[in-house]
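Please see the structure below; I have some questions.
By written order: A, B, C and D. Residues from 1 in each chain.
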Amino acid sequence: MQHQPLDPDFETRIRSSFARQAFMTTLGAELFEIEPGRVGIELPFRLDLTQQHGFMHAGALAAVADSACGYAALSLMPTGAAVLSVEFKINLMQPAAGPRFRALGKVLRAGRMLTVCTGEVHACHDDRQVVIAVMQATLMTIQERSGMAD
Amino acid sequence: MQHQPLDPDFETRIRSSFARQAFMTTLGAELFEIEPGRVGIELPFRLDLTQQHGFMHAGALAAVADSACGYAALSLMPTGAAVLSVEFKINLMQPAAGPRFRALGKVLRAGRMLTVCTGEVHACHDDRQVVIAVMQATLMTIQERSGMAD
Amino acid sequence: MQHQPLDPDFETRIRSSFARQAFMTTLGAELFEIEPGRVGIELPFRLDLTQQHGFMHAGALAAVADSACGYAALSLMPTGAAVLSVEFKINLMQPAAGPRFRALGKVLRAGRMLTVCTGEVHACHDDRQVVIAVMQATLMTIQERSGMAD
Amino acid sequence: MQHQPLDPDFETRIRSSFARQAFMTTLGAELFEIEPGRVGIELPFRLDLTQQHGFMHAGALAAVADSACGYAALSLMPTGAAVLSVEFKINLMQPAAGPRFRALGKVLRAGRMLTVCTGEVHACHDDRQVVIAVMQATLMTIQERSGMAD
């Protein structure tokens, strides 16, 4: 799918907004791809993000997948818009084991008010990548309020 | 709904498992209720868990709601069982503002292999509580592997 | 939860719209409850609505639960509004066996543009009711277009 | 993704099971593709399957998408297995207008007990196809009971 951004500065806007998502910094997550309708976030494995079996907690994966979908949606929104998560659903298909994880959010349909995205979380091993979780998410376009950058 | 626990030590098992969920410690989350088929987790507001607008990140709320649903499911599982998240869906209904948040997971149907839970996230203000998010989740019963306590 | 309807004629509006949902007639579904923020639809068992094991097809249950959630949302919308389903998620907890089924949709949060509902599907036996499926749904308020009644 | 069927007669099994899904006959739905891990069902537009605005009812689309995902899952299950829908979530991205619709279910992950599928519903016009809905679904493998073919 080929997407045309409405805001030529979409990458700057996303990087600036991501930098203000304090939770991403807390998790140690970083942007690794920004294209129109497509954003990737990398999350290295950390022991303090695990669940009781030593795998990454589903909530940590959901957080980066949600942000990846949100920024994929934002990449196609007009200047002055901000993005809100309406809802998301995630299927956890494999144990989250591996040295690092990559969440990729892609826009399936960008409407004026609502955007639908699909997200994938990959466990990245040295020699292979495995899809361990998939997300389906709905995002909303809101107006950036004065003093509240997106 | 009245639920009968199969393992009389369900509370100890849940507290012990929660203590091993390193991500819950990282988030500053704490158990505040453990009943058969019903578990609550409290998450105080922290700036380092926020998204770009200063509200709590949806992923942080999803993490505690997922754990609350998972432990609600575990509370009804037999001795020697462990719990895995199969999938969850969350609707974010209001901005996550407030001094602290409470995620409450409740079992709707406990099957031999699969358990269905509903979760609610409340923003707790001094004078009122507001439901800001709802979750619907599927959990799976697995056998605790040797050396891998749940 | 107590809801105040914005349109005093909400019941008439819902009955009229339901009568135009040809699929509900095809399924043999009927409205059995209309309250502000709460709508119920009954679906009698029919062999031609079953899946391969002789239970009601999940899609038939999802259809009436979706309509129940949609009309629960519509009951709180202003005059001149119409309702669209944005997305829904359903968990099928028990085989859909029984002489008739009741889907109940309830509004959890009615926003200006988006409404979040929860739905339950009950199998109604002579002596008991069993919750066999639960739904979480997002609905959108749209403007009724000229010539297109809701 | 390349999938290897465990049951060489998977196509026969699916056709036979589909023929017993009375609801598919009621809807006028037909199988148009059966591959390992991939099943397609076509649904022609019919006035008696519409909602109040004259578009196909979301429940009718969900029904064929659910069946497509279920049979995609069944195509990879061993001989003697049957399939149950655990849950599904569908996003309705565009009005369901068009002469016919095609639901395509694909297996993302086939586990011993649980299978995760993604589904797409296309509106098929003479000159183009448009994706109007996407589904994410969880299916369960069960043992075919005596006298109850899948």
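We adopt the following convention: contacts are C-beta pairs under 8 Å (C-beta built on N, C-alpha and C of every residue); 3 or more make two chains touch, one makes a residue touch a chain.
On a predicted model such as this, the values are computed, not experimentally measured, just so you know.
S.K.: If you tally contacting C-beta pairs, which comes out ahead, B-C or A-C? Let me know.
M.R.: Of A-C and B-C, more C-beta pairs in contact link B-C.
S.K.: Report back the single chain whose CA centre is most distant from the CA centre of subunit A.
M.R.: C
S.K.: Determine the centre-to-centre distance between subunit B and subunit C, using the mean Cα coordinates as centres, and give it in whole Å.
M.R.: Averaging C-alpha atoms per chain gives centres 29 Å apart.
S.K.: Report the inter-chain centroid distance for subunit C and subunit D in whole angstrom, where each centroid is the mean of the CA atoms.
M.R.: Averaging C-alpha atoms per chain gives centres 22 Å apart.
S.K.: If you average the CA atoms of subunit A and of subunit C, how many Å lie between those two points?
M.R.: Subunit A and subunit C have C-alpha centres separated by 32 Å.
S.K.: Two or more other chains in contact with one residue: find those residues in subunit A.
M.R.: 86-87, 89, 91, 116, 136, 138
S.K.: Would you tell me which residues of subunit B are touching subunit A in their complex?
M.R.: That would be residues 17-18, 20-26, 47-54, 57-60, 62-64, 66-67, 82, 84-92, 148-150 of subunit B.
S.K.: Given the complex with subunit B, which residues does subunit C contribute to the contact?
M.R.: These residues of subunit C touch subunit B: 89, 91, 93-94, 108-109, 111, 116, 118, 131, 134, 136, 138.
S.K.: Within their complex, state which residues of subunit C touch subunit A.
M.R.: 86-87, 89, 113-114, 116, 136, 138, 140
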